[in-house]
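Each of the next two complexes has subunit A plus one more chain, namely subunit B in the first and subunit C in the second.
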Partner chain A sequence: MSTKASRAAARLMISPSVILLLGWMLIPLGLTLYFSFLRYNLLMPGDNPFVGLENYSYFLTDPGFTAAIWNTLALVLGVLVITIGGGIVLALLLDQPMWGQGIVRILVIAPFFVMPTVSALVWKNMFLNPVNGLFAHLFKALGLQPYDFLAQAPLLSIIGIVSWQWLPFATLILLTALQSLDSEQLEAAEMDGAKPLSRFWHIMLPHLARAITVVVLIQTIFLLSVFAEILVTTNGGPGYASTNLTYLIYVQSLLQYDVGMGSAGGVVAIILANIVAIFLMRMIGKNLEA
Partner chain B sequence: MGKITLSQVTKSFGDVQVIPPLDLEINDGEFVVFVGPSGCGKSTLLRLIAGLEDVTSGRIEIDGAEATELPPAKRRLAMVFQSYALYPHMSVRKNIAFPMKMANVPEDEQARRIESAAKALNLTDYLDRKPGQLSGGQRQRVAIGRAIVREPAAFLFDEPLSNLDAALRVGMRLEISELHERLATTMIYVTHDQVEAMTMADKIVVLRAGHIEQVGSPLDLYRAPRNLFVAGFIGSPKMNFIEGQTAAAHGAHTIGIRPEHIEVSATEGLWQGRVAVSEHLGSDSFFHVHDTGLADVITVRASGEIGFRHGDTIFMTPREDQLHRFGADGLRL
Partner chain C sequence: MARAVKTQRKALNTAIAWGVGLLIFFPILWTILTSFKTEAEAIADPPVWFNFSWTLENYFTVQERSNYFRHFWNSVVISVGSTLIGLIIAVPAAWAMAFVPGKRTKDVLMWMLSTKMLPPVGVLVPLYLIFRDLGLLDTRIGLVFVLTMINLPIIIWMLYTYFREIPSEILEAARMDGAGLREEVLHVLMPMAVPGMASTVLLNIILAWNEAFWTLNLTAAKAAPLTAFIASYSSPEGLFYAKLSAASTMAIAPILIMGWFSQKQLVRGLTFGAVK
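Entry: the complex of A and B
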């Protein structure tokens, strides 16, 4: 792609997809922005007057808003920590030669193929249910009082469920990265007198830095918008204890048929996501440079 | 100190025995080269000595102390890998410092050793670069620097020059030889290139399929190869082998004569043939001679002034005192 002609041709050829993508993103974004300035409630038909920042002030002063922000951050951070920590451990284990390696790897990856609603339902009914769940049985077998996870520790339970779903992704990426590590480097470190822990810290972890960055960035994008798991398990409750921003917007707009308010919430979520993105790129983006 | 003794060492990967029982003694301060064709087990042998592979049976002693079960770090050996195995995210300085950091050498002592290694290896200007920003030869020197600062009992090199271009290879060969002169530390050097072996070694170990075919000084191997394999492997161009009546006349199954031990003439000689290819290097000329009735091709080496061309008839006379005679079992008679 060095000559002027080939560059022009390249631009011409990618233009349809660029235009399509722009339309795909800009039109909804524009409409959301537009609606967020209107009083637009489906239960109150009539004209939709322009009300300026009224929707925003209602959304931002909503009693659930602060809780939702903190819950969103806790959810993202919690899942990131668990999946990356667990992913590194699993990747290290799966990288060892062992019997039945192929099957074990498929088993590890399996949760990723289960759709969020289903996995949340399975967790809710089969594991966490205080009467019939496996954990309840386990507690009873140990002579303990069954623990109602979803009522007592709703956010932690959801973090657990979402981590279970994303652990395979992190493991897979980290495992591939680990396998690309030159074994002579590890042997050199071994000859240099590095103990297993030092080898991990000084050789493996720096090698994994880029893969970890990729996992953090991709997961953050998806974790900011966790929704199905909350809807089928706790409905955001008790109170606002497990409401994240996505869920709050759903409550505000769909449950109250308030398009204006929902749109304002959406714009707030976009701004928040961008703040997180800028923050992340500042912090770890340099790992992506070759 | 760096005396290494292997007794009855074997190594198998699964059912495949890569190293059959092998005995070898490496003396303190010696420059020993393991040479042999690809896949003959040179690297495996080196890794057994380093402790990166466990021996299947047998004993390894370093400085008279049992080392068979010792982990690599405890053997006081430093290895330079073929891929250099530098740590890509660390600067040259940190790479060189790494083994000392692991051994908890005090900071000022570390700095001092890095300084002197960098000076000896011409790396002073590159200490703050990452390995990715260095040329092949510089990376090689960093790998050597990382080995030197540990002040090991012996250095192990696994084909360290095979990733370098020809000119650099000659230069690094000299540098490593000089390093050996200066440090007088035992060095074990693996290569498949017999020129490297001949030029650098105090003692060459010729390996084939895990077997030691011969151990000796470069000139020993050149003058008195123990069998056909060593005779063919050491020396460039290869020794000519002649079987049949000519060999029988010398009371041997096979006779060998090196290209440089054949006199050539345009008019008279013992053997006659037709030049197929002539290579003129300036200082020397190599002629590949066909239709001699002795072997498919006889290679001769003559001084650069002699100019036969393709198709010329050539007469050759071997120097009787330089004939090598081998029995039917391939061993020297």
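Entry: the complex of A and C
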């Protein structure tokens, strides 16, 4: 089909991307792996002896690690449940005939375009602050005690903020999938007397299954790396109450200057992310053949 | 009768949807409103909605105190720069893979995608040290490089899915007419590829503008884009809600507008073509 010359040209055109990405991936990865076997702290100059798996055993037995794993799980699962549940409801709602549908869609999608530091700080100060936040005003108006969200329920508050950011993404993708559903099939089911709930359960949900999987996988990749929202709201605290794996590694490497330990944590994070990535890649790869 | 019921249902849908939409949008609306208040009005209890003395003072204060436009400009340079460089590297690759696919094209594409799955924190330490040793910490050029690499797989993938939709018969016809590779690309392919490329550029500027891991960890005062600059409001002194709102409004406005234009591409870009 294609000539030898065009083959060679194609290879030449692809090679810059491949070489750059290969370097981008292999050099830092190799260094992370290498550092993870060294006793290497920037505060303690001198040679950095090889210590085998010492960093890993410290990292994995650190009380912060167990907390961070659970917090990471809670954060990912919490946000997934909220955004997918809410996303399905919103997508079904937006799919109905209404006036000003385009504007409503714009309103719903907007939070996705707000940078993480802005959304976290706006929520932290203007809504969740126990003295001046809108929720505090609302609680007082209702005769309730103001609640210090970020001190009393730091992880839940962060789950809320991150869900607000990702709900638009889930909604948009599920809506796109919903709109590709054959309307004749739905009408036929309606004619046959299928109730709305059974139409949803037997026709819409199976049709959405693929889109839901894609949302779960992509969001998981991003949610494993939530960082800015934690940094500007709670700094991971109080204690380890809102520290996830990403934040823990950040603290160890850039605040405590422990290169060895931070690298061991990095390797652990890569392994965890890869488990998710394998499933995602399979889904996308299947689509490539279609 | 049936018609009246239909209109009634439509009205009900409209009311619910607008209610929910405004609720989700409310934090952004509130930020924009607060940016025009005085600091005292910003924390007033009960809150003031529209009946306050509108002022632009916060915008001027933010600029005066912290040289806001320097950070704004950093954001522009970093997001546009990384996107354009990424585009230059990605167009030939996507073109070749879409029109001269080989046996391993699919594997190469999947491998490129897999680099995107790497959690940034996994390579934080070495990258930080490399940047320190090369004097790249807190420089725009360093960040442009990192963001180019992060978004390169998305750019290649998006371009690839767009290019693949261009019928290759047209290219063959051009070739038959004696068009060389240069003419083929410049006069035949490019005009058809421009819409897809524009969407790719738009989405990548948005992603780069909002990137908040590397920008926070690799910059300090000098090269900090808006993501990092806004983070400095996390430990403020005195009253600052109105100023925070003004800084935030300016930081999100351009992207909000671009984002609304690229809704459709967002789905394709962020799902790597898995949902269209």
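Basically, the second predicted complex is superposed on the first by the 259 of 290 C-alpha atoms of A that agree within 3 Å, B and C clash if a C-alpha of one lies under 4 Å from a C-alpha of the other, contacts with A are read in each partner's own complex, and residues count from 1 in each chain.
The working rule: contacts are C-beta pairs under 8 Å (C-beta built on N, C-alpha and C of every residue); 3 or more make two chains touch, one makes a residue touch a chain.
This structure is a prediction, so every number in the text was calculated from the model and none was measured.
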Partners on subunit A (subunit B, subunit C) - clash or fit: fit
Vertex subunit A angle, Cα centres of subunit C and subunit B, expressed to the nearest 10 degrees: 80
Larger contact residue set on subunit A - subunit B or subunit C: C
First, second, both or neither for A:20, with subunit B first and subunit C second: second
Contacts of A:44 with subunit B and subunit C, given as first, second, both or neither: neither
First (subunit B), second (subunit C), both or neither touched by A:77: neither
Which superposed partner A:182 touches (first subunit B, second subunit C, both, neither): first
Which superposed partner A:198 touches (first subunit B, second subunit C, both, neither): first
Touching partner for A:190 - first (subunit B), second (subunit C), both, neither: first
Contacts of A:207 with subunit B and subunit C, given as first, second, both or neither: first
Three-chain overlay, closest Cα atoms of subunit B and subunit C, distance in Å: 5
Common interface residues of subunit A - those touching subunit B in one complex and subunit C in the other: none
In the complex with subunit A, residue positions of subunit B that touch it: 50-52, 71-73, 77-79, 81-83, 85-90, 98-99, 102-103, 146, 150
Residues of subunit A touching subunit B in the complex: 182, 184-185, 187-195, 198, 202-203, 206-207, 209
Partner subunit A, residues of subunit C touching it in the complex: 9-10, 13-14, 16-18, 20-22, 24-25, 27-28, 30-31, 34, 43, 45-47, 89-90, 92-93, 95-97, 99-100, 102, 106, 108-110, 112-130, 149, 152-153, 156, 181, 206, 209-210, 212-213, 216-217, 226-228, 230-231, 233-234, 240-241, 244-245, 248, 251-252, 255-256, 258-260, 263, 266-267, 270-276
Subunit A - residues contacting subunit C, complex: 2, 6-7, 9-11, 13-14, 16-18, 20-21, 24-25, 27-29, 31-32, 35, 90, 93-94, 96-101, 103-119, 121-127, 132, 134, 137, 140-141, 164, 167-169, 172-173, 176-177, 180, 210-211, 214, 218, 221, 224-225, 227-228, 231-233, 245-246, 249-250, 253-254, 259, 262-263, 265-267, 269-270, 272-274, 276-277, 280-281, 283-285, 287-289
